[in-house]
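Chain nomenclature is as follows: A, B, C and D, assigned in order of appearance, with residue numbering initiated at 1 for each chain independently.
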Amino acid sequence: QIKLRRRIISPYDTRYRWWQNFLIPLVIYSAWVSPFEAGFLLEPIAPALSALDNVLNAFFAIDIALTFVVAYSDSHTYLLIDDPRKIAFKYLSTWFIFDVSSTIPFQALALLFTGKYGSGLTFNLLHMLRLWRLRKVSALFARLEKDIRVNYFWLRCAKLISTTLFSIHFAGCFFYLLASRNKLDPENTWIGSSISPNFKEMSVWDRYVVAIYWSITTLSSVGYGDIHPKNTQEMIFATVYMMFNLGLTAYLLGNMTNLIVEESSRTRRFRNMIRNASHCASRNQLPEILQNQIIDYLSLKFRTEEYNQQRIFDSLPNGLRLNILQHLFLPILEKTYLFQGVSYSFLLQLVSEIQAGYFPARYDIILQDEAPRDLYIVVSGAVELFFCRGALDQKLEKAETGDVFGEFGVICNKPHGFRATTKTLSQLLVLGRNALLGVLETHVEDRQIVMTNLSKV
Amino acid sequence: QIKLRRRIISPYDTRYRWWQNFLIPLVIYSAWVSPFEAGFLLEPIAPALSALDNVLNAFFAIDIALTFVVAYSDSHTYLLIDDPRKIAFKYLSTWFIFDVSSTIPFQALALLFTGKYGSGLTFNLLHMLRLWRLRKVSALFARLEKDIRVNYFWLRCAKLISTTLFSIHFAGCFFYLLASRNKLDPENTWIGSSISPNFKEMSVWDRYVVAIYWSITTLSSVGYGDIHPKNTQEMIFATVYMMFNLGLTAYLLGNMTNLIVEESSRTRRFRNMIRNASHCASRNQLPEILQNQIIDYLSLKFRTEEYNQQRIFDSLPNGLRLNILQHLFLPILEKTYLFQGVSYSFLLQLVSEIQAGYFPARYDIILQDEAPRDLYIVVSGAVELFFCRGALDQKLEKAETGDVFGEFGVICNKPHGFRATTKTLSQLLVLGRNALLGVLETHVEDRQIVMTNLSKV
Amino acid sequence: QIKLRRRIISPYDTRYRWWQNFLIPLVIYSAWVSPFEAGFLLEPIAPALSALDNVLNAFFAIDIALTFVVAYSDSHTYLLIDDPRKIAFKYLSTWFIFDVSSTIPFQALALLFTGKYGSGLTFNLLHMLRLWRLRKVSALFARLEKDIRVNYFWLRCAKLISTTLFSIHFAGCFFYLLASRNKLDPENTWIGSSISPNFKEMSVWDRYVVAIYWSITTLSSVGYGDIHPKNTQEMIFATVYMMFNLGLTAYLLGNMTNLIVEESSRTRRFRNMIRNASHCASRNQLPEILQNQIIDYLSLKFRTEEYNQQRIFDSLPNGLRLNILQHLFLPILEKTYLFQGVSYSFLLQLVSEIQAGYFPARYDIILQDEAPRDLYIVVSGAVELFFCRGALDQKLEKAETGDVFGEFGVICNKPHGFRATTKTLSQLLVLGRNALLGVLETHVEDRQIVMTNLSKV
Amino acid sequence: QIKLRRRIISPYDTRYRWWQNFLIPLVIYSAWVSPFEAGFLLEPIAPALSALDNVLNAFFAIDIALTFVVAYSDSHTYLLIDDPRKIAFKYLSTWFIFDVSSTIPFQALALLFTGKYGSGLTFNLLHMLRLWRLRKVSALFARLEKDIRVNYFWLRCAKLISTTLFSIHFAGCFFYLLASRNKLDPENTWIGSSISPNFKEMSVWDRYVVAIYWSITTLSSVGYGDIHPKNTQEMIFATVYMMFNLGLTAYLLGNMTNLIVEESSRTRRFRNMIRNASHCASRNQLPEILQNQIIDYLSLKFRTEEYNQQRIFDSLPNGLRLNILQHLFLPILEKTYLFQGVSYSFLLQLVSEIQAGYFPARYDIILQDEAPRDLYIVVSGAVELFFCRGALDQKLEKAETGDVFGEFGVICNKPHGFRATTKTLSQLLVLGRNALLGVLETHVEDRQIVMTNLSKV
C-alpha cells in the first residue's frame, strides 16, 4: 500500500472506486433523459422530474469537489501525485470548466431569478450540456478494457451497442425538437407531412416511437422514405446525421471485423496446424499409427496450452523463473531415488534445466537403441518399458509417479536398451543429458551421491 | 476404446452420432415451419400438419430421455463422466427446462383439455418455442469447425447464409403476424396500405412472398419504401429488426473479411516472396541464369510445402520425430554403399540428423572447390558431377537413386573436387558434416566400417 | 523445353496462349450481349447480330476441338500429361458438356428446322447458356494473380469491378425481361407503373438506362423506391438479387479491406520502426547526434530493403547461395591487397562468410579502442579514419573503393587504434573476425600469404 | 547540407516547403469553389469572385515556373538531380500540360477575345479543370504519412473525411447543374419534380442544401427516395455516382478496419500476454505471491516498452550500438568500486555485453544457493540482500545507486550466499557471467586490478 498525504485519496481506493461506479447509472440516466426532455417535454418540466434532476446535480457537484482531493498518476513517471496544489492545477486547467457547466441547475436558477421554470430553445440546449457526463462512461470502458477479468469481445460489443443506441436516441429526440419548434408551418415538418399535421396531439410514446423509427431507418441506411426531412433546417440536420452515420458504421464494422478475426484466430491456428501436419504425413505416406500419434500429440499440446507456457516462462527474468520452477519441480525431484541426499544447491540448478510436458496415451517416448538425450521423471500417468527382440515385445517395467527412466543411458552414455511407451495420458519431466552432465561436473560431491544411488538399483 | 459403465452411451458413439445427425433435418424443418405456422396459418392448423408436428415432438422427447444416459466430457479434466447422477444433475441444471418446453405438444394438449385445436396469439407464440431446437444446429456447426475434413471457408459461408436466411424468414413471418392480428383497422397495416386492404384474400404464397420481400429489403438496407410499417406496433418491430440487422451485417462483413484475408494469404505470401527475391536479384544485377534458379527454387519449395514440413517435424517431441525420420530415411540409408554393415544404433543416430529437400532441374548443388559442408544421398531424380578446368566441363559421373556424393570431401575435410548439378527435379537427403563426424566419433567400430566402405570405391 | 508427343500442344505454348487471349474479348462480348439480347431484343434478332453470334460460336467450337490436343498438368505430380486418351477422358468427364451446350447455335438450328428465327422465353434462356464462357475470364484472373509482373492491387480491383458491373448488367436485363414478358397487365410491372405504361415505345437506350439505374440502386442498397417490383414474380427476382447482393457486398468489402491492409503494411511497418526507435532514444536521453544516426540508419536500411535481402539469401540452399555470393563479392575480394595471391578455394570460403551493408553519411563504423569484431572492405563511398587523443581528432587515412580497414585489429586481436566514420553514403563488405580466423586456420599456405601481404603495408 | 547548382532550389528547402504549404489553402478554396460556380452561378460570375480566381491563377502560374528550378530526387539512386535540362524534361514529360490547363484564366481570355464574361456549359466544364490542383493535397497527405510527428490514425481519418466531403460536394453541384441546364422541361428534373418547378427562384443556400442532402442521402445509401433522378441524363449520372460510392464505401470501410486493427493491437497484445500468464500460473497452482510477481513484472515490462528497446538495439550495426551503450552505461560502470582503475578498452568491451532492465518492487532477483549467472549494478531504486537460515531472514545489506551485488559468486563461481529482493521499483544493469569472464581473460592486467578491487571489500 502506497502512503499518501493526509486527506488525499488514492484513485485506486476501494471506496472511491465504489463512488465512481455508483455515479455510472446516474450518468446513464441523465444522458438518456436530457435529449428526451429537450425534445419531447416542451412544457415546463414536471416538478418531480426537475427535483430528481437537481438531486443528480448535487451528486455530480460532490464529485467535482472530490476530484480536488484525489491523487492522480503522472503520465511520465507513473508516480501518484498527492500535492493538493498540483491536483487542483491539473483539474482546473483541463476538465473543470466542462464538469461545472454540465452540473449547473439552470432550471432552478431560472426559477430563482425569473420566478418560473425556464423553457424555450436555449434552456433545452443548455440541458444537453449534461451529455458531457458521458465522459465517465467512456473512461469506465477504457478502464475495463485493460481488466482481464472482463471478456474483451463482449465488452467491445457493449461499447459499440451503447454508442449506437445513444446515437439513435439523441438523433431521434433532436429531429423531433426541430419539428416541434417549427411553429410557423407544422405541415412542412417531417412528422407533420408524413404522420399527421396535428402530431402534437399524439401521445408522447407514439411520437417517440416515430422519431426513433426514423432515426434507426436512417442510421441503418434502410431509408424507406415514408418519413424524411421536409424543410432546409431538417435537411441540414439529416445531412449531418448521415455523415456521422457513415463514420459510425465504418467504426462498427471495423471493430466487428477486428473482434471476429481475433476470436476465430485460435480455431484457425489449430485447424492450420492439424491440416499442415496431416498433409505432411500423408504426402510422406507415413503409416496410420504414426499419423494418429502426430495428430494426438498436437491436439493435446494445443489443448493444454503448452505452447504458451514455455514461452511465458522464457520471457520472465532469471530470478522469477527459478522461483517458479523451484515451486513446480523441486518437490518431485527431491523424492526420486536418484537424487536422494544431494545438496540443495545441486537440486536448484537441476530445476532450472527441467522442462515439463504432456504425452498422449500409447505414445513412444523412447525408441530402443536410440542415442540417450533425455532422462524422464513421471509426474502423473504411467509409462511402460519394453525390451524388443525381433517381433517380440517383452514388458520390463511400469514406471509410475515419481519413477525415473532413461537414467542409465544418459549417465553412462549408452543407447537406451528398451522402448518406453505411455499407457495413459502422462505428464513427464524431461532433463537433457548435456544439462545433467554439466551440473554434475560442477558438484563433485553430489556426483558421487548420484552414482551411489544409481549403483544401488 | 474407452470403457464406460453399463447402459451409458459415449457421446462419440457412432450410432449416437447418427441419431444426432438424423435429428438435424427435423430441427431445420420445425424451425422453418414454426414461424410460418404462427404467421400465416391463423385458422386451426390442418390435421396432417399437426400430426406431423406431434411425430417430431416424439422424436425430440426421445432425445431428451437419451441425454440422461449419454456421458459428457468434463471441461477441466477432459475425462468422460459416466456417473448417471452427475449426468442427470448437469442436464437438469442447464438446458433440460428449455428442451422440455420446446417439445410440449400444446395443440394436442389443447385438444385434450378444451376439445378443440388451439389458436390465437398465445398459441402462436408458444409455437415459437420450437426455435430453441436450433441450438442443435449451432452445436453441429461448432463441431464441424474443428473437423479438418470440412472446408473452413464453405462451412463459415454456410453458417452465415443459414443465419441470414432464417432471420429473413422469421422477420417476414412475424411482420405478417402483426398485420394479420390487426383486426381493428386492416388498412392501417403495412400490407393493407401498400398492397391491398383485402390482403387476407390473397393466396398464402403471394402473402409470403410480400413478407419475405419486405424482410430482405430491410435486411439488405435497400429500403425501397413501397412497403413500410404503418402503425406504432409495426414501427417498434421494424426498429428492433433494423437494430438486429446492424449487428448481423457487421457480423457478416467481419466474417467475410476474415475468411478472404485467410484464403488469399497463401497466394499473397507466394507473390511477396517471389517479388522480393526478384527485386533483390535485379538490384544486385545477378546474371539471368542465377535469377531463374532463385525463382525456380522458391517456387518449388513453395509448391512442395517444404516450409511447413521442417517446422512440423521440429515441433514434435524427440521420440515421435525419431520414429517418423526412421520410417522415412532408414530404408534409404541402409542401402547406400557407405553405410553397409554398420550397427542399427549408428543408423538411428544418423537418421535424426538428416534433412530432405527437393531441388529443381539444372540446379547447382555443389560448386567446385567449395568447402565441404554436406554429404548428399539421391532419393529420386538424377545429379550429374562435372570436373571443370578453365572453361571446359568434363562429366565425371551420374548419381541416381541410392547414390552418395560429396562423401570424400566431408570425411577427409577437403574442398569438393567437382561441381554437382541436378539433371531433373530431384529429391536429396542432406547430411551435415559436423553431425556425421559427431556420430562417427561416438561409434568407433562403425567408423572403421565406414572407412573401409569408403576405401573400397 | 519439355518434349511432348506429336500433335499434342503444351498449355504453356506461346501460340496457344495467344489463342486463349484472343478468345477473351469474344467471351466478354458474348457475356455482355447475351443478357441484353434476351431482355431487350424480343423481336427476331437482327440478321447481322445473329451472324456475328454464329461466327463467335465457330471460334468457341474450334476451342473445344483444340482442348482435346492440349496436354494438362497433373495436380499431384506436377507433370504434363500428353496421353490423348487421358486428355479426352479428363475433358469429357468435366467441362465438355457445359462447353458444348454454351456453343450450340440455337437460332441457326431453329431456322434450319422450323424455317424461322426462334424467339420466346425458352430461346432467351438458352441464350444465357453463353454465360458459361465467363469461366475463361475467371481462369485468366486466377492465372494473372500468380504472375508477379501484374500489380496485385489493381488486378483484384479489376476483378471486383468486372464482377460488379456484370452483375448490374445481368440483373438489369433480366428485370426488364420480366416486365416485357408480362403481356397480361403491363401497368402492373415495375417499369409500367413507375415510368410509363407504354414503356415498350421508349427507345432501347432509355429502357436500358432505366433497368441499369434500378439495378445499381438496388445493388448499392440506396433503394430510392421510385422504381420497385410490383408483382409477385418481380418481387421474387428482387429478393434473389438482394440476397446475392448481400454476398457480393460482403465479398467486395472483405477484399478491399484485405488489399488496403496489405498495401499500407509497408508504410505502417516503417512508421512503427522509426517511432519505436525515436521513443527509445528520447527515453534514454541519447544525444541528438546519436538519435539522428539511428533514424538515418533505419531509414536507409528500410529504403535499400536490406531487411529482405539477407532473409532471402538465408532461405536459399547452400549451393545457390554460394553461387550468388561468389558473383557479388569475389571480384571485390580478389582486388584487395590483403588477399593478393591466395587460392581460389580460400576466397570461395571467405565469400560465404561475407555480409554487405549500406551505411549513411557521417556514421561511426568503428570506435577507437573497440574490441576487434569485423574487418571492412569499401565497395563504394568513402570512409575516413581518425586517431583521437583527448578532444583532438587527427585524420589518418581515407578509405575508398577496394580499400580494407580494421584488418590489423582483427588478425592481431588488438583493439582498433582509430575511429572510422563514413564521409558519404557507403556500401561496405563486413567480414567477421571468427569467420576469418576459422578460414585461415584450415588454409595454412594462404595464411602465410595473407600475413606477408599484411606485413608489406 | 547537400550543395546544389546555383539557382536550383532543393525540394527540402525550408522556404520552398513554406511556399508549398501556402498553396494548400488556395488549392482547397479553388477545389471547393469550382464545382459550386459551375453548378449554382449560372449567370456571369461576380467580378469580385472572378478577380479572386485570377489572383489564384497567378499564384499557381508562379508555382509552375518554380517547378523548373526545383531539383528532384531520382527514384533509383535516391540522389538529387539538379541539372536544369533534366528537371525541365521530367516536368514537361509528365504533369506540365495538366498543371497549365488547370491554370489558364478562361474567363479572362473570354473577356479579352469576346468582350464579355464567358458562361455556358463549356465554360463550366473548363472550370472543373481546376480540380487537377487537388493533386497537391494528395501529395501533402502522402508526405505527412511518412512523418512520424503526425498521428497516423487522425491523418488517415482526415484524408478519408476530406475525400468523402469533397465527393459529396462535387456530386451535389453536378447534379444541380444537370437540373438547371434542363431548359426544356424543368418539371421533369429531380429538383423540379420533388421540391418545386420554380426552383430557380429559391435562394442559392436552399438549393445548395437540397443538392447536398441528395448527395449524402445517396452516398450513405440511405436513399429516402423523396428526391431521385427523373430523366435519362440524371439517371446516368446517379448510376455513375452510385458505382463510385460502392468503391468509396469499400475504401472507407477497408481503411477504418485497418486503422482499428492497428490501434487496438497494443491493448490486445497486452491483454493476451497477461491472460496467458495468469492462466498458466493458475493451472500450475502457483502461490498467490508468485502470480502477482509475474503479473507485476509483465505489466512493468510492457509499460516501459523494454520489449522494443532490446530489439531496436539489436537491429543496429555494431558501431552505432556500441556508441549508444557507451553513452548509457559507461558513466555508471566507471563509478563502481569493482572497475576502479581498469583500462578504457576493458570498459568498452564490458559495456557491449550489458543489458538494462526494470524490476518491480518486492521482486526476488537472486535466490539463495542459486548458481551464479549474472552480476548486478544498481542504477536507481534499492535492493535488499538477505541471508536465510531456515525460516529466519537476516538482512545483510541494502544496495543503492552505484552498488554492485553478486560479484563474488560470479567471479569465484560459487552459489550466491544470499537472497536479493528489490525494495522499490529498480533499474539494474545485468552483466552475464560468461561475458565477464570472457572479457577478463583477454585483459590480463585489468583482471589483476579487478581482483585487487574485489579483495579490498
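Brief remarks follow.
Please note the rule applied: contacts are C-beta pairs under 8 Å (C-beta built on N, C-alpha and C of every residue); 3 or more make two chains touch, one makes a residue touch a chain.
Values in this document were obtained by computation on a predicted structure and should not be read as measured data.
Comparing B-C with the candidates A-C, A-B or B-D, the pair whose contacts agree for more than half of the residue-numbered pairs is A-B. Comparing the centres of all chains, each the average of its CA atoms, the largest separation from chain C belongs to A.
The two sequence copies chain A and chain B touch through a face in which the numbers common to both fall below half of the numbers used overall. Mean C-alpha positions place chain A and chain D at a centre distance of 26 Å. Chain D has residues 221-225, 253, 257-258, 261 in contact with two or more other chains.
Residues of chain B that touch chain A in their complex: 78, 145-146, 148, 152, 218, 221-225, 228-229, 232, 235-236, 238-239, 242-243, 245-247, 249-251, 253-255, 257-258, 261-262, 305, 308-309, 312, 315-320, 322-324, 326-328, 344-345, 348-349, 352, 442. Remark: chain C residues 161, 164-165, 168, 205-206, 209-210, 212-213, 216-217, 219-226, 252-253, 256-261, 264, 267-268, 270-271, 274-280, 283-284, 286-287, 290, 293-294, 297-298, 303, 357, 359, 363-367, 369-371, 373-374, 413, 415, 420 touch chain D in the complex.
Residues of chain B touching chain D in their complex: 221-225, 253, 257.
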